[in-house]
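Below are two complexes that have chain A in common, paired first with chain B and then with chain C.
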Partner chain A sequence: MAKYLLRRLNLFLATSAVLMLVLFLATRMFPVDLGVALTGVEQPTQEQQQQTIKAYALDGSGFSQYVAFLQQRLGGNMGISMTSQQSVAGELVDVLPASFELIIVTSLMALALGIPIGVLAALSNSKATQNVIMALTLTGYSIPVFWLGLSLSLWFGVKLGWLPISGQLNLLYEIPRVTGFVLIDTLIADTPYSMSAFKDAVLHIILPATTLAVFPFTVVVRITRAAMANVMTQTYVRAAEARGLSTAMIVLRHALPNALIPVLKSMGLMLGAFTSYAIVVEVIFSWPGVGAWLVQGIYQRDYTVIQSGIMVVALLIIFMSILIDVLHTATNPLSRKELYATN
Partner chain B sequence: MPRISIYQEDHIPSPSRRLWEAFSANPFALAGFWAVIFLLIIALFGPLIAPYSPEMQDPKAMLLPPSWDPAGTVEHFLGTDDLGRDIFSRLLYGAQLTFGMALLIVATALGLGFVIGALSGMTRGLKSSVLSHLLDALLSIPSLLMAILVVAVTGPGLENIFWAVGLALTPQFVRAIHQAIHEELQKEYVTAARLDGANSLQIFWYVIMPNVWDTVIIQTTLAISAAILDIAALGFLGLGAQAPSPEWGAMVSQGVDNLLIAPWLVTLPGLAILFTVLAINLVGDGLRSALTPIRN
Partner chain C sequence: MRLPTPRWRHAITALCLTALATGCTPEQVPAGLVYCSEGNPESFNPQLSTSGTTLDATSNQIYSRLVDYAADKGAIVPALATNWHISEDGLVYNFTLRQGVQFHNSERFTPSRTFNADDVIFSFQRIVDDKHPFHAISKTGYPFFDSIGFASQITSIDKISDYEVAFTLHDPDASFLSNLSSAFAVVLSKEYGDQLLLAGRPELIDQYPIGTGPFSMTEYVKNDHIRYHRHPEFWGKSPQLEMLVFDITPKSGTRLVKLITGDCSVSALPKAGELPVIELHETLQVQSDPAMNVAYWSFNTQKPPFDNVDVRQALAMAIDKQNILRAVYRDTGVEARGILPPSSWAYNDSLKAQEYDPKQAMKLLEQAGIKNLELDIWAMPVGRSYNPNSLKTAELIQSDLANIGVKVNIVSYGWSVFTQKLNQSDYDTVLIGWNADNSDPDNFFTPLLSCGSIASGTNRSRWCNTEFEEIISQARQNTSKLERATLYQEAEGIMKSQMPLVSLAHAQKQTLKRDNVMQLPVSPFGGIAFADLTIKIAETAN
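Right, the complex of A and B next:
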């Protein structure tokens, strides 16, 4: 296992290095002066110019420039935003929690609903139930997320007026920022209206989270169903039946843990698509997260924001997918069989 | 009437024939198949069928609802937008941009991914590792971020979407094909063929590939639906097709301004995207279940 972990760590470092190289080359191709693209200072003084050249080793070789670029970016120096003139790293710290909040709530929704429905679809013998579930998931899988978001906000936000359709919290509430997660901040805030603020925050997250959850939900249902149907034909399940265990016991203790392994794997595979969807959802519901911030950045051609946003999101995805890979191997002894084979 | 066949043997259908039989036994898959053919025809001949040009503005018919609405007219079958442009014609022209473009992108990504995936799958050691992981970094950049990066470098436009979505799709093909080949390579029938004296090229083409084609086909259908959704999402965000273009995602974003008084401007292009992606997913699902029994 140690050797395997070391290999994954290597993979993480190598992939991140290639990613940084892609960004490094892209920075050179931006249609602005290189110094501006790197620091975001549009009218640098003589002194600032010298500083940029020194920090990014612009007079050195290509390789030393790349190393300097890595040092600056990974050291947390991402320059300043060209539009707001604020430090990009500071803005990132502001927007990241909102995205995490949305993604965590969405994932919980998708898993909490998807796994039971997938199990139900696999266990049900009625053709009609199966067809209905498959038709629903296939539609959910094919629906364009921006259209779904617009339709939901038109229907529940405007026509029925049940749910707010933009932002994280009503502007009336003044909640001190502690963790950056509004759902937590409103709860721990020491104000008389903290409970109603929490309710408001919950109402705000319902529509974006539902819109975003449709895609992972359908994937989870489909994978759970297929895996569960497969597991239920295994001999150990028949052995458990022969021992006289109840269905609930068989499903929960014997079948489900094995059926969840492919679900874990598919979660790693859909990270990229899920992130794309999250960006669109953030834009539609004006959710103050990384996605909306990045799209704003591209509208305003804010090159420092674009670079660092892509860097952070892609690094997170690389890290998450390798983490899921490691978890998958740790929980699934079968996948370790090929571990030390030539590859 | 006497039996003509002396040998009472059943005719054994060819693999492709069996595939078609298994595929067409599923009515949903067949419906999806016809829908895809219908879309292909529209993508090819849409401009000939369309009653108006996509940019033609009719100042007398602005924000006209679809014809089944009491206020609608049959001249503008699906209504018009705020500039008086005919939605039906725009949807027909848009099929070429959204669906046709997706096919083109997937074909390119498939070609490139196939070559790299096959090379890395057949080789061993460091070379294989480098080739298969080379594009992993790209795999970790979601298509939308890739598009943002491309747009930052070159500016928005439909051609840039070709690069953005293509670059995001290619690593998936590389990975799928690499893994499929790698898996097959370890099976015993390959060793048997090698012992019979087959060289690497023969093993690749005649021994392994027949068992990998189904992976390729399934991956392709997945990629087409992903490409359509990506193109539309980029058009919606204004990073892909630009404003007057009848690309479906761009049409949705142009309709958002009038969402409250003219919801059909958003609903109809959205339904078109949903219908297209659904048809492709139905075919993909049908193919997957039709291919599996042959494999087992």
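Right, the complex of A and C next:
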């Protein structure tokens, strides 16, 4: 296992190095002076110019420039935003929690609904139920997320007026920022409005989370159903039935844990698409996360923001997919067996 | 197979009941108002900017001025100065200051004294004196003051006593008091400035503002919101709102939706096409206020071929203004003939409208020897009160010019980038406009078309004409309204023959609001003043 982990770490480092190389080369193609693209300082003083040349080894060879670039970026120095003149790393710290919050709520929704429905679809004997569930998930899978987001906000926001459709919280609530997660911050805030602010935050997250959850939800349902149907025909399940175990016991104890392994794997594959959907959803619902921030940066030709936004999002995807891979191996004895065989 | 539901059912029912029970308690929302504004302010000091977005977010909210202009009375009224006296030769303005005026209190600054003459001198010396420690902090200069030649107009600003200040001018100037009443002429705190200077961070004075206005700024999150709290010791009538939030929403459609869902109670700058939607919702209202503004299409007259009068005339002739008025303004604007809006006292009724004549335009271009002309139109990305939709205007001009064989590229950036790039002045033409800062007609001529305002960046045509210059400076020094009106009409005549810009329209200022907002005072100059806003308390939006 140690050897395996080491190899995964290796993979993570190598992929990240390639990603950074792409970014490093792309930075050279921005239609501004290289120093400006790297630091975001538009009218640098003589002193600042010298500093930039030194920090990014601009007088050195291509390789030493790349190494200096890596050192700066991974050391947390991403320059300053060209539009706001604030540190990009600081802005990132401000916007990341909102994205995480949305993604965590969405994943919980997708799993909490997707797994039971997938199990239901697999266990149901009625062809009609199965067909309905499959038809619905296929529809959900094919709906473009931007259309869904706009339609939901039109119906539930504009026509019915039930749910707010932009931002994280009614701005009149003044909630001090502690964790950056609005759902938590509102609960721990020391104001008489704490509870109603929390409710408001919940109302605000419903529509974006629902929109974003549809895609992973349908994937989870389909994979759970297939895996469950497969597991339920295995002999050990039949043996359990023969021993007289209740259906609940068989499903929860024996079948589901095995059926969930492919679900985990599919989540790893889904990450890329999921992230781009998250960006679209953030823009539609004015959710103040990384996605909206990145898109704003693109509109304003804010090169330092674009670079860092892409870097952070891509690094997170690489990290998460490798993490899921590791989890998959850790929880699945079969794939460990394959692993030993290849070694 | 039987599914194991029964035991879960209790848990789920219990959960739903709790949710219902908590869901029914009435929502508690802090008392305040959310205003959907259109962009990030460039700075929190209106001295440094001319953009309406910055003025809305700062001037009437955070700061006060020496004197105010009361639109209903059409007169200058006391503010921080309780009264003033003008010497007989018109050169010395003597102001008596209000006593006991408190500055804002913030995390960074606790005032130890009330407002006095030092603050006035500090605020204006910063603009006038280029050796002042705060003068060079502004990277954008002081555009409004530069455009009216404020620094060269003033000989000295003297402290007579703690509560008396005298401004001495070089020449008599009929528009001086009007300029002091404009939204740019705010008073800063000298004590705060000194403290920041000592700490070595003088630039913070424009980022974390301290003023004497009805609201103090407590939080600014770029691209998201600005939060203000009521200033408990405001010298004037205390505002009804405890809290004021600017929800920064650049897209006009999103602002409308936020208004419908109740996320904001007042929303800025609707597009004309959105007004029918408002009629569908009973709780929403459109407020139209007369405004002193003009939208125009400016040629960069220092860049060939736009240095050629014939080219400018030809382009002016080739665009169909009526079409723009119909498509962009609907019923909310009137055609601009000269540059002064009809509500100005110097407005010239007899001025003829520019004729729409594409054939003549082609002929003129041919005579000027211009073939295959290709030009950029810079269009603002956000709606402004004088032009709700610049991009659409640009597209209409694009198609009009295509008819005379001129190819047009439309250029646009985010608002803050747009103004920055505009200041580098390598554009061909730009669609922009002007909101008057005060009631004086000079406010349309000197900032927009005088030689001095090229450097300050408000003369987007970069046009300088000695004859024109002579007339407007004569008009500035004259105190007779009648004679001034004739001079301004003459100036408009020169402008029309030289065509440094094509004036398009004068728009009404429109604001959307929910019906619980009872009174929303919008001045023809300078923007909204939330201090005087009243809302129905019973129905605070959730």
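We adopt the following convention: the second predicted complex is superposed on the first by the 339 of 343 C-alpha atoms of A that agree within 3 Å, B and C clash if a C-alpha of one lies under 4 Å from a C-alpha of the other, contacts with A are read in each partner's own complex, and residues count from 1 in each chain.
The definition used in the following text is that a contact is a pair of C-beta atoms (placed from the backbone, for glycine too) under 8 Å apart; a residue touches a chain by one contact, two chains touch by 3 or more.
Every value quoted in this text rests on a predicted model; they were computed, and no experiment measured them.
With chain A as the common reference for superposition, the partners chain B and chain C occupy compatible, non-clashing space. By the touch criterion stated above, A:146 is placed in contact with chain B alone, chain C being left untouched. A count of residues in chain A touched by chain B and by chain C gives the higher number to B. The superposition places the C-alpha centres of chain B and chain C at an angle of 100 degrees about the C-alpha centre of chain A, rounded in steps of 10.
Residue contacts after overlaying the shared chain place A:158 against chain B and chain C alike.
Residue contacts after overlaying the shared chain place A:96 against neither chain B nor chain C. Look at A:120: by the touch rule set out above, it reaches chain C but stays clear of chain B. Residue contacts after overlaying the shared chain place A:283 against chain B, while chain C stays out of touching range.
In the superposed model, A:183 lies in contact with neither chain B nor chain C. Shared-chain residue A:172: touches chain C; no touch with chain B. With both structures placed on the common chain, the touch criterion links A:70 to neither chain B nor chain C. Shared-chain residue A:314: touches chain B; no touch with chain C.
Measuring only between alpha carbons, the smallest separation of chain B from chain C in this overlay is 6 Å.
In the superposition on chain A, chain A positions 158, 299, 301 are in contact with chain B in one complex as well as with chain C in the other. Those residues of chain B lying in contact with chain A across their complex are 124-125, 128-129, 133-134, 136-145, 148-149, 151-153, 155, 168, 182, 186, 225-226, 229-230, 232-233, 236-239, 249, 252, 256, 259-260, 263, 266-267, 269-270, 273-274, 277-278, 280-282, 285. Of all the residues in chain C, the ones that touch chain A in their complex are 1-4, 22-23, 25, 27-30, 32-34, 219, 221-225, 227, 243, 245, 247, 249, 254, 257-258, 260-263, 413-414, 416-417, 542. Those residues of chain A that touch chain C in the shared complex are 83-84, 86, 94, 120, 123, 125, 153, 157-158, 161, 163-167, 170-174, 192-193, 195-196, 199-200, 246-248, 251-252, 286, 288, 293, 296, 299-301. Interface residues of chain A, counted against chain B in their complex, comprise 11, 14-16, 18-19, 21-23, 26, 29-31, 138-139, 141-147, 150-151, 154, 158, 271-273, 275-276, 279-280, 283, 294-295, 298-299, 301, 303, 306, 309-310, 313-314, 317-318, 321, 341-343.
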